[in-house]
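Once you scroll down, you'll see the structures, which are given as structure tokens.
Shared chain: chain A. Partners: chain B in the first complex, chain C in the second.
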Partner chain A sequence: MTKRLFNQFICCLLFLSFNAASKEYLIILKDHLFYPSQIIIPTNQKVKLLIENQDSTPEEFDSFDLNREKVLYPNRKSIIYIGPLSKGRYDFFGEFSPNTARGVVIATDKGDQNVDN
Partner chain B sequence: MKVIKYCLNIAFIAFCLLLTKHANADGIVVDKVYHPYVLPFEREFEWRLVSHQTDSGNILAQRLGGGGAISDTIAVEGFIVGERDDNGDFGLKAYEIELRWQLIEQGKLWADWGALFELEKKHNEDVYEATSGFVLEKEFGKTSLTMNAFLVYEWGQDIQNEWETEFRAQYRYRYRSAFQPAVEVYVGEDFFGIGPGFIGLYRFEGQKQLKWEAGFITEVSQSEKNHSFRLALEFEF
Partner chain C sequence: MLITSLVMSLNQLLPVAILLVLLQVLDKQYTRKVLLALIIGTVMSFLYMQSASWVSQWFDHQGLEYSQIGLCIIIFFAALVFAIKQKAVAFCIAIISAMTLYLSHYIIYLTSFWQNSEVGQSLFIGTFLGIGICLSFSILLYFLMTSIKYRFGVKPLLILLALNSAAKLLVALDLASQVDLIANTATVWDLRDLLTENSELGRVLRALIGYEATPNLLSVLTYSISSALFLFLCSFIPTSLTKERV
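Showing the complex of A and B:
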């Protein structure tokens, strides 16, 4: 009985491990501002934020709400995996320009309407 | 890539099962629960303190270190370790170098993976200790479960060569940046300790930030008194 439960647990872990993110959202960082600064995503789904830093200096994406920190190299695209999230607002900002580089991820049941500049 | 992920899962699960049956480590098991993340520009100074109280007395260990990332996914840190024994003598005890390796992009898989390698040399003694192991973190909404599974080998003229194992875990509620309460578990030889902890972070300008961690761990598998208080401060810049 225990062995069977353990095997099922292992199978479940392995299945979940390969369950990669699906939807992708492009965000541009330019002049230390995020475009769009508001990203609407569906609840309970893992998604990819594809952030293109068009500035000539690096930035660090930081969000306590999303539990993510990531260096955004200049003139490169970086991927940040987030979710699955429950309904709500999740603020993020750029550590090197915290007054200008700010944005929010909004997880809603409707989801996927994207954007608001 | 899939093969690597598969192997990581299997290896960690097998290792944890082995540890829960045969966790075996002398010395002070309570130290720090490692997280599997490395930031490319991170540089830090770190100070750790562990006060270990038993029926026979108190041992105080302090560790001072500094280091930083050497690539996008690898960070190296060096430490000097000081210890006060039961007789009240405080002195240099060991030197240590530590390498942390983030194996997987955060959030990409079901859980986040890292690896840790440490090499320690005891001061004025021919005693070496090499540690390697896996670090895993999994988010559950506003909470995070972090687990460390280490395999340790000790050798030298002044010690009997032996293999040891350690397991550490931390379940943390990300309440606020400055205050994240947690429960911590440490498992080693004849040691099963559990207790409350908390983690916090204060951000200064730019990348500068101060992280603090504290925990009070009580050994529960033996009847003798065995408490550990741990404190860690990390200044990142």
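Showing the complex of A and C:
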């Protein structure tokens, strides 16, 4: 058990700055809504979320499930890497407009679809 | 908007207030120095907020994360130096860095919505309530930690400060993983059914000791090792100094 943990820790350190090409998903924030609000990604793969804030006010991308937090400045693009994730639903929201700006990342074995709700 | 403002106030002010209380109880600083640190911290937050939009575009849209990782590491080491040496400079650096890190988000939120007349009142009331709750919590924590210090010595306080400072490294790790600087590791446990991070207690524990419901292996290892190292280094404090402080 200890050896496995140690090996995993060493692997983490070796991965430092080795940026393998990740699949990219574009999310647009407009009128305090995320488009698409549902992103389906493959399990056990790191993916890149390119988020474009088209509103005139800033927003904060926040997700307790994904442990991610980033301010999205108006008319700017931001990049967030997520994963590798195990199968499941991972909610995210805009902290400045939590009632409207909501979305979910769904990690499935047959990922790679975006659904607009 | 009222609830959002209240939650935002608690999220961004509580970590700063807790750090300030822990450092003050550990070794009380003159009011003049505390005020100076708070004023410089506020100014730094405004400057950081002003440049954040520009910095965010550096290094392929990852500039903000790099600067925040730097601030988290500075807070950890400044708190450690303060715990060992009780230098006022370390106190000021820790507080100013924490304010720059957390308050800048809060200022961005306030300045973005303040001009909107429809939400102005809710924003004001929510912020006012948030500051009030944060202040009450800080005063209670201050007296609780002071009484613990006088009853049990400085060790419980150092343990809490070590956990609180190690939590800043967890924030740095999350930011590093967010910009693909380090790889994500497997989740060690999932406590979301027991206590979610966005619940009231979850938020307080997150600000106090860096509670995460779904931590990954690297986070658990970093948290354990850094807090143990913090306490180990603090154990080198001369006994006379420890007695003097109790």
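In this text, the second predicted complex is superposed on the first by the 99 of 117 C-alpha atoms of A that agree within 3 Å, B and C clash if a C-alpha of one lies under 4 Å from a C-alpha of the other, contacts with A are read in each partner's own complex, and residues count from 1 in each chain.
One rule holds for everything that comes next: a contact is a pair of C-beta atoms (placed from the backbone, for glycine too) under 8 Å apart; a residue touches a chain by one contact, two chains touch by 3 or more.
On a predicted model such as this, the values are computed, not experimentally measured, just so you know.
A.B. asks: A:26 in the overlay: touching chain B, chain C, both, or neither? Say first, second, both or neither.
C.D. replies: So A:26 meets neither chain B nor chain C here.
A.B. asks: A:79 in the overlay: touching chain B, chain C, both, or neither? Say first, second, both or neither.
C.D. replies: In the superposition, A:79 touches chain B and chain C alike.
A.B. asks: For the three-chain arrangement built by superposition, which of chain B and chain C touches the greater number of chain A residues?
C.D. replies: After superposition, C is the partner touching more of chain A.
A.B. asks: Should A:67 be classified as contacting the first partner (chain B), the second (chain C), both, or neither?
C.D. replies: Touch partners of A:67: chain B and chain C.
A.B. asks: Would you sort A:57 into first (chain B), second (chain C), both or neither based on which partner it touches?
C.D. replies: second
A.B. asks: Which partner does A:96 contact after superposing on A: first (chain B), second (chain C), both, neither?
C.D. replies: After superposing on A, A:96 lies in contact with both chain B and chain C.
A.B. asks: Take the contacts of chain A with chain B and those with chain C, and give the residues found in both.
C.D. replies: In chain A, positions 16-19, 46, 58, 60, 64, 67-71, 79-83, 86, 95-96 sit in both the chain B and chain C interfaces.
A.B. asks: Which chain C residues qualify as touching chain A in the complex?
C.D. replies: It is residues 4, 7-8, 11, 52-53, 56-57, 60-62, 64-65, 105, 108-109, 112-113, 174, 177-187, 192, 196-198, 212-214, 216-218, 221 of chain C that touch chain A.
A.B. asks: Using the touch definition from the top, list the residues of chain A that touch chain B in their complex.
C.D. replies: Listed in rising order, the residues are 10, 13-14, 16-21, 46, 58, 60, 64, 67-71, 79-83, 86, 95-96.
A.B. asks: Mind pulling up the chain B residues that touch chain A in the complex?
C.D. replies: 2, 5-6, 9, 13, 37, 39-41, 72, 105-111, 139, 141, 144, 174, 176-177, 206-207
A.B. asks: Can you tell me which positions in chain A touch chain C when the two form their complex?
C.D. replies: For this pair, the touching residues of chain A are 5, 8-9, 11-12, 15-19, 22, 46, 48, 57-58, 60, 64-65, 67-71, 73, 76-84, 86, 95-99.
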